[in-house]
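Both complexes shown next keep chain A, but they swap its partner, so chain B is in the first and chain C is in the second.
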Partner chain A sequence: MLKVNGQQIAYHDGMTVTDVIRAMKFNFPLLIVKVDGVYVPRDEYSNRQVPDGSEVEIIHLISGG
Partner chain B sequence: MNIFVNERPVTVEADATVALVATLCKPDADIFLCNGAPVPTTTRLQEGDRLVLIRRGEIPTPEELDVLMAARHTPGVHARLKRATVGIAGCGGLGSTVAVALARVGIGTLILADFDVVEPSNLNRQQFFVDQIGQRKVEALAATLARINPAVRVVPHAVRVVPDNVAALFGPVDVLVEAFDRADQKAMLFETVQREFPDKPLVMGLGMAGWGRNDLLGVRRSGSLSICGDDLAEAGPHAGLMAPRVGVVAHLQANQVMEILLGPDPHIARLEQARR
Partner chain C sequence: MSHDYTKRTAYHEKVAELRKAHKVLKEWSFTPSLPERGYTNRTLFVNLTTLEIKEKPVTEQMKDLFVGGRGFGLWYLWQAIKPTTKWNDPENEIIISPGPLGGNTQYPGSGKSLVVSLSPTTGIPIDSNVGGYFGPLMKFSGFDALEITGKARNDVIIVIDGQIGKVYIEEAPQEDVNSHAAAEQFTHMYAKDHDDLRNVSVVASGRGAEHALIGCLNFSWFDVRRQATRLKQAGRGGIGTVFRDKKLKALVVHAPPVKGDMNRPADFDKVAKVGIKMHKELADFDLKQCNMRRQGTAHLVEIMDNYDLLPVHNFQYGNHPDTKKIASWIWDKRFTQGIPDGCWYGCSMQCSKGADGHVVKTGPYKGHIVTVDGPEYETAAGCAANCGIFDPDWLLEANFYCDTYGIDTISFGTACAFVMECYQRGILNKERTGGLELTWGNAEAQLELLHQMARGEGFGVIVGQGVARMKQIFIEKKYGDPQLIKDIGMEVKGLEYSQYQSKESLAQQGGYALTNKGPQHDEAWLIFMDMVNNQIPSFEDKAEALYYFPLFRTWFGLNGFCKLPWNDIEPPDNHKYPPLEAAKVPEHVQNYCDVFTGITGRPLTKEGLIAMSETVYQFQRVFNIRMGKGRREHDLPPYRSVGPVTREEYESRQERYDKQLKEWMGIDPATKTIDEKIALHRKYREDRYQKLMDAVYKRRGWTADGVPTLETLKRCRIDLPEVVEVVKPYLK
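Then we have the complex of A and B:
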């Protein structure tokens, strides 16, 4: 299991940040992703594996100010 | 006993009343504040009290103004805020409002950056005036802040914030406020801060379009990052940006800056504890 934004989701072997984003149905182009509190740069989403039991935070950046 | 009158140390007899000290220090005073709140003149003072005496309508000297403006502050807060430097990236609806709030509480230095000029569509939510249309936002805002609190040092940069200048602009700040309109700018600032100074407190504004739904607005923290807003309502067609909701988020950001600089308010913590 993973905890993503406080919500439990199913884990599978080799799951990457990209897989987590897909599983959460995030389609925002601009995200901030942290795995266990550590920031993951955008260009590492597809090859950064997320260990089972991790806490993932995904913040979507939206316009307005 | 020793007390402070308009922040100057004064020795008075034990149990002196506000009225007595006023007679000695400022006989024409007609506003009496002690430790951040109005008090009756019959109040007996205690060791270490901070009394502020004001004559209604009198224009103080610049040094006096700095003290008198903070008479409603919680004691001790003003001196700590005066030592702080806060950066504000973008001076639109969020940034101009954050700057006004932080100038009122007397932040020592505000570093402002924005490349744009004031135009009419800004005036529905941004702290500018009709007679400032066409002026650079940082210059118009610096002029307004000087009228609000001349003791604040304002450093205006009329430049577009880009990855290459973030470190030079905001390296010295204690807290950085993200106050851009566009999501790609917000992402650029976050990513650059992560690279240049990942531990620097960053306070972002995310989600404030529309009106109402105060219940959805709040702050969440993740390490050195604080996010203010509803995390939901993106600005766009049929989702406008208007003073009240943008202003709430801007003040959430300014309030978060206070908490980062001062730590959690111990008085609120005690009240919260007592209610449990």
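Then we have the complex of A and C:
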């Protein structure tokens, strides 16, 4: 399991940050992602694997209007 | 799909003939001048009743307290009107001011004009910001602001010629009133030659604004690549209606050619350095972030749908399976790509997208080929999704006619959605709408409403009165349950909601209803911070956000900035800040301080920026009180923006609402009927909103009735006798 923004979600082997974002159904582009408190740059989302049991923080910034 | 972006119907071929019919009513001379450190230090005053034209000094006190833009507009309007003044009284004014930083070509998004008037729909001051060239060109002709009062007898134009130092009031009987044609005609009429077209900007409205209270203004600029006169809108609050009531057909400015240093900044290099940094940031990251350069704000359509925030069927729902038909990838193809789309020089955000080659399907321009300026997100959400119309061509049609008729797409979208829901629920029927079947998705009926507004006939005129008046009318005529009509009519203070669902974000409920002018998202957009990130859980946290963000965003309107380059692009290292700080985009806030200091020579800190805004914000709140609409009772939202009104709404999110019953209220949903659950939610959510008001009022330095205290006015340096006089009766 992973804890994403306080919510438990199912884990699968090799899960990347991109997979986590997809699992959460987030499509907003301005995100700050931290895995166990460590920042993940945007261009590493698809390669960076998230260990089982991690705590992931996905902060949405603001845009629009 | 590819469209020839130079091909469109021309309206300017007979401008020489049109001009022959002009009659000069007044000519006035002035000495053209450039600003010094962002200010020209004078305002152009025009009285359409007496034909008086004069210049007024911009005082140091004005600059110190009110800065410019919206601040100047509010200050002039305060002096011009009485508490009893109505929007269509001659003394109501329209004030246009770009602010001291407006017109700089170094920093992206620096071409905004702020327009202030007494609103026909709210009865309180409205401020509306708009791109296009008018404000900056007016400043480079010699004026920080244009103040218009009085009413003309016949259709007139005001021409400010900053190349020769003349202002004219002219009767102009033959040009089109509708903006897309009028702007083109006046641009070609007052340019000396082809190269001079870009030095002309026109403000116009349209026939719709003559019969509706939700009229907007269009500000033009000449797009040299398209060879087209394009339009941006000062949409909110009905200023176009005031404009046409004054019998203004157009304002025309003809200015010297724009150069990079025309604000004559105190430290040009400082401004240029910050600007170059932002241009690079936009070039490097926009495509990976919001893609504003290809899609403009329309990139938000499917995002809002995905987060259940897109208003669908009059804000009943937050998403729809057909959203994909109006999503960003449609606009990516439909907008002409590869040509710059800035609505002011030097804006590298380039988000002023245009759909070329639209063949008009309906109305007086049927068969014409036009360039549609947009749609932006708000127009797509309001005129399409909120009305159940998921067809890009019909959206372009509505966008085109709203603009050219001078109708605000946001208010129209919300008003149209309201009558469609009234039709769904039997509050309206074919007999009451004059035969129009206002069913969800009926695009032809939507367009007919617009054409009726322009013709001044039929049910369209009723819709054009806006949601607040329609609610009164439908209740008076006993068309349906008064409570239901009040609950589903999406307006506060008389202004229609802009296009975001706020039901699941208490902070955004406040972000809409605790605004000065009415529910427009340009004060605060807090939904992600609140609903998705859960960053502001307590009332005090939300109150802090509802203190900071409205004040921060007020600052753009004082200085002539567009909000978009603030946070629709992020520096790559923005993550280094704690999340609450990151939402403010601290590096960009510092950029604004640097640009302010670089142009005006006045040092500015981030704290000083907020203090600067607060003076004007508190003043506007007092102004509202002076006009009878600025206290607690006026800050209450319709229940549709707070929670589920109907069974269908509840059932569409039943799992969520049932869970909330359990977690928030400790109630087992299985023991309750849907109607009981709706009632329980309503009580809980309305109580919660009241607590939010308490916290926000305290943070803003207001009494429990929402009145700024004397301490607050003193802290903000606006304890002027006439200001104190307004609040005193409420402080006893």
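Assume the second predicted complex is superposed on the first by the 63 of 65 C-alpha atoms of A that agree within 3 Å, B and C clash if a C-alpha of one lies under 4 Å from a C-alpha of the other, contacts with A are read in each partner's own complex, and residues count from 1 in each chain.
Throughout what follows, contacts are C-beta pairs under 8 Å (C-beta built on N, C-alpha and C of every residue); 3 or more make two chains touch, one makes a residue touch a chain.
It should be emphasised that the depicted structure is a prediction, and the values quoted were computed from it without experimental measurement.
With both structures placed on the common chain, the touch criterion links A:7 to neither chain B nor chain C.
In the superposed model, A:59 lies in contact with both chain B and chain C. When both complexes are overlaid on chain A, the residue A:37 reaches chain B alone and has no touch with chain C. Of the two partner chains placed by the overlay, only chain C lies in contact with A:27; chain B stays clear of it. Counted by residues of chain A touched, the larger count belongs to C, out of chain B and chain C.
In the superposed model, A:47 makes contact with neither chain B nor chain C.
Once both structures are placed on chain A, chain A residues 29-30, 32, 34, 39, 41-42, 57, 59-65 are touched by chain B and, in the other complex, by chain C. Residues of chain A touching chain B in their complex: 29-30, 32, 34, 37, 39, 41-42, 57, 59-65.
Here chain B touches chain A in the complex through residues 90, 92-95, 179-184, 186-187, 190-191, 194, 198, 205-209, 222-223, 225, 227, 229, 231-236, 241, 246, going by the rule given at the top.
The residues of chain C lying in touch with chain A in their complex are 288-291, 297, 300, 302-303, 306-307, 377-378, 498, 521-522, 525-526, 528-529, 532-535, 563, 567-568, 570, 572, 574-576, 579, 582-583, 585. Considering their complex, residues 5-6, 25-30, 32, 34, 39, 41-43, 57, 59-65 of chain A touch chain C.
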